């Protein structure tokens, strides 16, 4: 009966027909998801990209008082090093599987690592993250988990990720959330509802989280934020909450659904509060569910007035913008570009699935000709597209903006830029304004050739996207 | 009657027969001060050195909630910039006299500067420091002081320094202390004595001040520390204190004497607490005066036991040490070198005067052949001497250690090194030990020639020191 | 048996190979593995060396194998990926590197390479699964592949350059200052009339690699250059010279003299060049002396880094700058034999200082060594910053990984590098001394509220 | 009329002269003034440029006049001091500089110089009392003295070097990066076949100054080089070229092209050299791009410094790095005429950014300008650090005075300097961004205690 019974959740391709390679207009995109069975696409040429393991690690980096043991050869911990060094988040141990371990198994090594982690950090929880090697080898992580869970009197949570089962990295969020809830979730029997409201926040920029907190707290809402910055207790409290509010359906959908279906916490899945209007709708929807709709409306009025004042005469009138973001963010920022008076010239989303059909319909009505590209970490396609479209500015959050910059156009990174709420509007306006005003850095980069051949730029951008033969 | 009646104190040459150029053994040094009138020496070749203006600025840098206006051409504020930038101490304004001002006077400029300082900082006190130019020009600072003191309802304290009247920079401390006490000192009539004890600390290293505080506070002594870190209130409280304790007679003597002679605060002038024995004597002397001699003795026992333990087998046995320091420090460190088992191979003191006869006698008995050199900032003489003596290590606090290093010997700077009390002993032992163990930096510098001719090194080091003809 | 590692800084063999390939202009790595392998490399290596991202993003070609390939094999996917890489990505050399999964599955990478070669594609390969070892191992595997397979790709004859010297053992990014270090060693070799073949970095292309067999000498700048040098000695009889460590300051002069002797170059010319470099450095030291003495530069230090860095930097800090080595931690997993050599080398260098020398790559263990060592200054990677801050010590990032430090072509090797080190380390010590002074002022005025009011 | 100054950073004429003389190898300044003048210079200039103390202490010769000399005149004291300086201090040129007191007393310094000259001593002089002006004025006075008086000292004939170019207007220490900047400009001029005569710094001796009249061109790198260049044009008819500011990055290329045109050098050769330099810099920029975008380099900046620095750095930051000038403060007291030129020059550069350009040398006024300007990044002297910290902004020390920063021969001029600036500024911005991220984590876990318990 329970979704949490399974070792890990269904991959996104199966659960939501998620695509990670596609090119076409919005109407065609809607058509893709209207049938029973969406045809998956594959690439005959591809470039390195995020995978579910990386998303698992990103999410776990935000869990407080935890240690993560990556049960893998040493290189799989590189992303952990990145989180540790750049943002001081997480404690990362790699079990360091060598050639012999890939043949003989490495239970003993894993056991040693868990014991050492416990002794060193006295964490609230230890995660054991699987990897391609353990997945292929079928390592018996479960036995170690059960044994040490008893011995250390500590939740030891296995996270069964493979790195290859899904082509969509976002599956990793589902896997991590599934594992946490499965092992440290609260009691599933009848609950007393608490006064708390879950704010679902998955690897949001801290400033974005603060903005959501700021708005809701000023309405007197008693928040329980997870999984970002959550401890074990936060997850237990989540199951008793009166409501779950979403910030980004792409990443949190699975968490909201589990809390709703397993623990009967109502779940409001509202588009991301990006832009004045969407933030207002998000706030009012929350207010409605909590019986404070009027207060929410008043707050929206005040804040939007402030934003209008701060924006002054800022406008994107006549500016053609390319967006390359995760889908929920891309669609939300597209609306904001509209609010600013600009034109969205094209969109790359990291994946696309059934969760997006409503947004696609809106987009299709507004800009029927708009081209939608689905790709995660495939700059060869993006550069081909962007060169053709020649937008005035590019907004993205991928790791390959350094390649995009060589096209000579202004680039704004949303990787570390807050975008949510009213403060997100003014902040983004400031970044866009600076990027459009001074384009000299792009001009300097334009002297450096991109990595691709002239022949490739003459080909259609979707040349290497094929229907998967099953 | 009162010493404070005068515009400024008598220069050190007049008050204490202070010499700033001299070379000879200790017996000869004692003889210099035994007569009625010490013959001053001058140099026929000299090098830049500190002057009384620099010492005034150093002392004022430590006065809290004060602003210092240097009434001079712009370059005279360079030392202020140094204090501000390197240690964040003081607020420094230069009146910036130009050629016209040197002819026409600059009252108006000075008035503007004082008013601006008051407006910007709202200080407790504003110092107006004279300079060679105002001294030669005989600028009427007094009129401005009186006028603005009234107008701003704020102590405006003139500090009459010349830069040339005395050859001994230490005169500057007397001038600054004289000026402060004259203008912000307490009531001279019969006082209620408070329970406070003045700890006289003039530009001591903060760690040294803390060490003295630590020791005295642990004996329950209620301290009033001045002038370092003192506010106007500190100076008022000083006149009611039950006792003044000295840390460095060279710099504080004038302050101790004024407080004793003008305000009847008893003054204990004990040699600097440098080394275990001297610190013990200093502590016990303070204890005796305050009726807590036993507690002081016990503390001394405990601390010296700790120092012995921490020093382990550290020893300067067989090590010949050259000292180039201000006199009270030099004599105190000489004793410490003895405690460590080392030999003092020679001493340069920045000045020498009647305050030192007792110490000279001790030194003369112990090391009759020891050569004493009196010079402030005359590295040409020091290098000549040190090359001849070829000590194993050089300890100094002057700005020309970079020159000394070119002789290839280990150099330890006491400019920013704490030396007082028990912690000073262990700290200095550590520095000496490191310098003696690794001499490679000196070896690298030895490749760089010093600035002086071979002819000079063949001459007697006191070649350019002559008796002053009056 | 290998152990688990906390805060692993030595990445894996695949990443080491990528680091080498990305530093050769015109070389294109083709990763045959999961999608995430290249991305991990980008996050966990390139981004922790800000300013040195040659491609503007993660590696440009990766077969991104999926479940199907794990089950049925991925060789055909590699065939397709290779062919299309050559069409899409500009390059002079395509270099297939494999990851753990494709190696476990047993894909035949040599066969796929041969197929490409048969179509006249300039392709080579190396089997570099992460489970085979760390970044250093990967560097060696990739160098070996280049040395062994490149000659088959060369069409035209080579023109020999007299006095050519190849440099080995500098691993891009694993030494954050690799580019600047190579440039400076090159400048010094040019100074005595040689033609350095740097092989990696700006302007270093596949051509330079084709010229490898023509060298008069192979210099190993670290223990990781010994294998390539040995391989070339075996194949081409080229003599080899192994440096004790990164040549910083005077050690660079000794390197030049050793090279001169080995190659029979006019000793006087070399000595005169070395003297002029030496004299400039000594003048810089003299100009720093006042600061050195007053800010108390003569500290005991802890140094954490790769063996070449630890030897080279500690030698300079100790034998020229007068500092005292307290705790040395070598993080690059030398072989037992290399460990023994390093141990005796460093024992001679640090004799009499009571230095503790350790080999570790574990963040927690290393922090513990620094904590118990009692040094007054820490040089290490960003991972050591935490313990330095905890202990209130001045700290300089010198080894991988870096955080918050952009490096373009700054280096610490040679004479210029010694000056750069004086600037960076000097700034760290001086600003720490000034901060200590200012904060004790604060402390005073805080404690002042007790005593003065 | 001059005003009082809070936190004065422009020292005085005597100090400016000393800064010049100390940077010429073999030149010995002989100060005729109070004891403290040279010491003030050491504390307030040399020590605020850690690492650049050529003499190992305060100036080596000073007459230290006392009350007697103020009353009765100090000329005889100077005579004695000069004679003994020549006996005690090694030197090729003895340069008498006077302070306020001896000038007010009216000592006859030219006469004392002539006396020395009559005894065949290599002596020159400049009247440099602090009341006559600031450090820039002192630099000009000393250069003028050298240009006018040195020819009288030259015994042997000179050998002309073709293609010699003299560099003017870089004031040692007042530009903390003077040595590195000169070396890089020299390297670039050599790159197009010229013989730069740097005149100041390592290896630059009195001989170089004797060769000044032989140059084919005088380049003024700052407004303070215009007077010397003009003087030499008058005396020797040498053509002059004034740069708009410190040539950083592309501006250095434009400088080389302008020099080539002026001297009729092969344009293609110059262009090819510039292209290679340009290309390397652009590659560096590309390798930084990922960091640039994700750490948000595109900030509005406040820049406080000397006119040449403000023009040169802001030009590079704006026209190459894409930053936006918000607040520019020029601190070196240009003449009214120079101000007007700078104003129109910078107006063109910063057009459309709403930049506020100010001229001030007052610490409080400058801090106020930064506070009200609203920039997101501050470049300035150590005096600006306080306000940057107060505003929570990333901060880089680029102008005099420095604190806690050791500079040996790092520079920001030319192409190498541009890379160095990318490293330094990049590190400041990146580490600030990372700290902000980490501290917001902290903030979160602090606020967490409210929401999660």
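Order of writing sets the chain letters: A, B, C and D. Residues in each chain are counted from 1.
We adopt the following convention: a residue touches a chain if its C-beta (ideal position, glycine included) is under 8 Å from a C-beta of that chain, and two chains touch if they have at least 3 such contacts.
Since we're looking at a predicted model, the values are computed, not measured.
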The larger set of C-beta contacts, choosing between A-D and B-D, lies at B-D
Computed over C-alpha atoms, the centroid farthest from that of chain C is that of chain B
Chain A and chain C have mean C-alpha positions lying a whole-number Å distance apart equal to 34
I'd like the Å distance between the centres of chain A and chain D, where a centre is the mean of that chain's Cα atoms. 50
Note the residues in chain C that touch 2 or more other chains, in rising order. 47, 53, 56-57, 283, 286, 289-290, 295, 403, 434
Where in chain A do residues touch two or more of the other chains? 86, 399, 401-402, 405-406
Looking at which chains touch which, would you call it a line, ring, star, complete or other? other
List of chain D residues in touch with chain C within their complex: 46-47, 50-54, 56-57, 202, 280, 283-284, 286-291, 295, 403-410, 419-420, 422-423, 426-427, 430-432, 434-435
Counting only contacts in the complex, chain D reaches chain A at residues 278-279, 282-283, 285-286, 289-290, 292-300, 318-324, 352-353, 433-434, 437-438, 440-441, 443-445, 447-448, 451-453
Quick one: which bits of chain A touch chain C in the complex? Just the residue numbers, please. 42-51, 53-54, 69, 72-82, 84-86, 91-102, 109, 112-113, 116-117, 120, 132-133, 136-137, 162-165, 167, 169, 377, 379-380, 398-406, 449-453, 455-456, 464
Could you list, by residue number, the parts of chain B that touch chain C in their complex? 64, 86-89, 206-207, 209-210, 213, 222-225, 228-231, 233-234, 237, 399, 401-402, 405-406, 411-413, 415-417, 431, 434-435, 437-442, 444-445, 447-448
Touching chain B in the complex, chain D uses residues 1-15, 28, 31, 34-45, 47-48, 53, 55-67, 69-70, 80-81, 84-85, 87-90, 99-101, 104-105, 129-134, 364, 382-383, 401-403
